[in-house]
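Letters A, B, C, D, E and F mark the chains as written, and numbering starts fresh at 1 in each.
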């Protein structure tokens, strides 16, 4: 019986640790960028969506922004075209754009379907809806690569209205320009722009790595908490590089534009959102002002 | 100058005729089922969307429900499958359902894009969003034909919230069953179910015919206004038949379930919505209680 | 049949032209100064009131300000007195003031009666009610001419409350001074002061002329649209003079004090209000900032 | 000093007596029928209006309904006509009606002016405004006597809206029939109908007698408080007769139709309203259920 | 009968004098510091509480702040301790503090009980409740005298909420410091701090003297009304001294911190609150800006 | 690292278990009867109050009802009187009642002080405040035992208002009878009556035992969950007896009068409230309908 008594003390400890966070984040907007491996594996997908549902359940106001890179390539190939990239960005002609929209909307509505299965009302939109994401045509390395856009304005009317009505918005990264032409958008950029425009408490990237590590090859060197100043120093010292570099710059910008904190988590780890938000130590890297 | 003076009198007459209707319908919900040829021709599509935008502009609350039949077949074929129908309903296996969703969502978001181009905030949803359309698996002529559903419940929460926030909802006919599995739905049925659930003032079908004609081959025999009782008598006498028959039954059901009136219009006629709603005589067939 | 088909296109054109104006002016306050011939002829009166009723019907918020000059003279004479004027303003002794009040209130309540007949709830007030119009005793050409007042303050409490409750206020130009003594007020001045105090979108004068004409004798030289700057230039050049001169100065002041636009219309022309407000070209002269 | 000490005790006693009434009647509607001698004498008029202003000041919601009998006769004569009466009701041809309206509206706006002078916002309306008083043509002793109407419906929309916005409505007894033709109404009847429609707490008649006396010739036999049952018994026993008889029937009807109490006061007695409402004993006759 | 007629005139006069005050103070907060002899005599206590109840009845929003000096000494003695004072303030060790709290809360709830007996909903709180009174440890003449605190912050949340919900708060002068340790507070200081924090219209001290007298020994020299400037002059001239001196400084501070007026009344005089507030002359000394 | 990984899984499990309860109970009223040993030991008291603070923190709406038995006896003795009991109820003469009030109010405000120390706004009231607890004089075994009352009505106005304004009410069991005389009340009875009147989701007794055990001497026979029917059967079979018997009847009555569930917990066990409410198994005995 000794053991079970301990367990009850443990449970009480977890609760006493978590309750103040639950309270503090009630009613707060959290934008979750969802992509990469965490979106491919069906089991992980279930866990992620369950976490988002639990966040909503205890009063947070999640917004999901997703990508769809791998699926788009698959369908483009199915239709007999070869995917082309410039500096990691997809060259998007009219046909590719049509396929990209179809695929992103499919992914989008499937995530809605999963949320509904968890008992949470959810609505799948893209940047066309309510003219939410306004873009200008992007130039990559001096090249025009087609229907790829950079966000220059977020109209939060629809998002805010859905949030206020207790829906979880799920956003596909498509936007309109001044001529109401549709464009593909980088999902990380979309998540940042939306978090900033909503004044989100938290912006969270579900990635394929544990977070920011002093030595990227050794995950025991994970840094649980960084100020933007410390993050810039790590960049200067060369500790942060590669694919993490643009993400870190995104994070710092987001915080400077009013987002409370940015979290880089390993989306493959079960219930990473709950552990990051509701425990003292967290599980990935949190970047604060 | 005589002529221009006449024109001013004429303009005043049109306005004096129209203003009471504009007033009477302000704030009222009108569900527009949009499909057929009116959706294929780009010029007509522009006019239809402009009309819906004008209805919104003067205070009505339009909801668009669309189909996508011809495009779905096109894409199914592109992927190397043969479309199969039973009693006019598409046999929908898992692959076909995936394509149907992609195509319907593409059409959906394109209509949203057109509405936005007309300066009207619009949101594209399907029945998954907000768990709006709940279905049971359909049986057609005793046969299971796959992922085809009959609506048994409309949750108006999301639609009403969008309408209240001044958005024009555009709805793709996809629903979820008890297991949160997705199904294709007949667009006419979806329009009826939504109009009934919203207690719409008007339900309008944009079709490829002028309306109900005593002699379907002679469009000068168009009947501008019918009671449900008169409609049933015409059915009994055999004046109404063919593809019009199920439509008429849909109309009568809708009115019995609380819809104010149902309008069958020729979607190919320019500005048919304005002329039907804001002139004394109208332009198609209106069915009232 | 060709002709009727044309007519439908025409009707659609009129509606497409009018609907954006109807929308743009919905909820906006329009002050209509009503006087002159348009008030004497019974047929014209009916048309004017019908127009105001239609404006209200489609969501505008009309306020009528009226005079009563000719009727006052008639009754003063009936009681055996001779009307006397200084610089166009009535010398108003105590007895004349009593008659003026009786006549203005009679005209006032008759307009209310006509509005009610058109199905529009209306309330007849003068500047005493709710202490709406506060005046100081006027001096005309250095002379005291009795109970004639200049407005120095409008308390919009009552007017705003009536407008908010969906009544059409009809205002007789009588005010109170600091001692709560009653005074007669020039109706044009009252209309301007009320339009300014309410921040009206439009102030409209129903007069006995077509509008501002380059050559007042040739109505084909009517100017449909003027900026205040252009109006002042016309005054400087001598194109505007006579009775139009004080009206134009009133208009310019009103616009400078926040009224959206001022319209000078021929009150004798049928439905001049509808044509001026809901057609591109209008029918009289509109003055804008 | 003894005396002044007593006076302070006395003052406290008056306040302790009055405060619960003041509280109990706060927010309650009281309809004051104002007519007869109390309206002719200027000093009395000032006192009455001051009382009504004080009632408003401490939170009651007064509505004044007035007549104008003597003034109408004066003006009819001025215009060279002879007043004619049937059973005490004025035969009202078209010309007389025009004069009656002018005179009633003059009296009406003068009362408004007096209220404003006491610092109370007030609005003068007749039954045309807001279509408040709807009538049918009356028949008196089998005779048609012209534009004399019986109220059959009170639309309280305007009155309630004015009351809610803290204005004191002053009502002239003119109404409209189905054809929107204007009619003269008996002021006592108008006061009753309005009190009933508003569900007034109190209806008060300012008359030329002290109240109901057992012996009408001996004012020491005044009855301060009567139930409707007792009133009917007095009628049966013949104690109440003459001009008091229809008034008593009016009172009883009013109470049966929801008015809290009816008060018959001597309008010539200074501050009769305050003394009746805010002292235990009152000053006239109060009739309760 | 002559006499009773006079009495009615008198009653009307008292009411006409009182009604504007009643109106002017409706909804206004009045803080009543209640202590001294007025709290010991049971008959006087009943009258005071009845007055407060009547103030509430006619719409004022009273707050009672009370002391308990004599009772605390009694109970401290009962428990075998000797009361000790420094400069008029009680030396308060832990045991004394415990007794003081018990006694003050008893007095507090007894006043609540009396209010309830008068039909007024009342709530007894001390400065611990809602963390209303925040204190720092006091130093008196350079000495620490134990648990005696000076208020440095009033959190009006609870008081305002009780007032808004139509309760009469009764406040015992106990507060908490930063460590949430309880302290005794001087009741006059508490009344001032609360009146200032609430922006009270009136702060009233019920004392054992008539008010401020030019010659404190001659109550016919009572000054009914003083400006803060005049009060300071009296202090300078030496007319105000003794126990009145700190009270006067309290009054002046209160007014400078936003309280409308401060009243010093003889709490032993029956209904002093009604007479001070609702008569022109008042009964004690009122200090205004 | 294995171990810490497990711990994170464990934490996630505790959270996933707790979050739905946290959500389900958000905004729900829980009445906590606090007494016995848990109130004497200072360490336990701190834990209990911390738990209540955490319940409030995550959105529940706690109400504390406390007793004070042992302290009252102590103070009665201090003042030289002998406590007397009849059937476990204290014989309460006037002097004892005075002491009881003083002690209960002291305990009451000390609990408020502890809540404030935990950062939770709290208000200490007794049944006098807002006339919350109305009683009739109790008879115990046919004997009058003085100022001991049975609750016959709870006026929830004050409690509800405090709860709505986000305060935690702490209630001392004192009430008033029709004559506004104060009475002592059994704290368990007070907790039941308040929970019923508020329609509480939960009523919780913090006692000195683990809960309901099949064999009261063997705490491993604890029953975690009972229906009222099962509870009655246990009473019939004799498993429940002694001091537990009246408590069980209280519980059953409470549930029949609308309380969602009643919980009997060991108040001495650390964080028993959190563990009972936010874990699947709970820690004491829960009784449901």
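One rule holds for everything that comes next: a contact is a pair of C-beta atoms (placed from the backbone, for glycine too) under 8 Å apart; a residue touches a chain by one contact, two chains touch by 3 or more.
The model shown is predicted, which means the values in this text are computed figures rather than measured ones.
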Required minimum of steps from subunit C to subunit E, each step between chains that touch: 2
Chains touching both subunit A and subunit E: F
Set of chains adjacent to subunit B and to subunit E: none
Proportion of interface numbers common to subunit A and subunit F (over half same, under half different): same
Of all other chains, the one whose Cα centre sits farthest from subunit B: E
Centre distance in Å when subunit C and subunit F are each reduced to the mean of their C-alpha atoms: 72
Chain centre separation in whole Å, for subunit B relative to subunit A (CA means): 37
Averaged-CA centre spacing for the pair subunit C and subunit B, given as whole angstrom: 46
Geometric centre distance via CA averages, subunit D-subunit B, whole Å: 60
Chain contact topology (line, ring, star, complete or other): ring
Chain order, ring traversed from subunit A with subunit F following: A, F, E, D, C, B
Subunit C partner contacts - residues on subunit D that touch it in the complex: 78-79, 98, 101-103, 105-106, 108-109, 112-113, 116-117, 121-126, 128-131, 157-158, 161-162, 165, 167, 174, 176, 180, 182
Contacting residues of subunit D [partner subunit E, same complex]: 1, 8-12, 14-16, 18-20, 22-23, 26, 50, 54, 57-59, 220, 270-271, 274-275, 278-279, 283
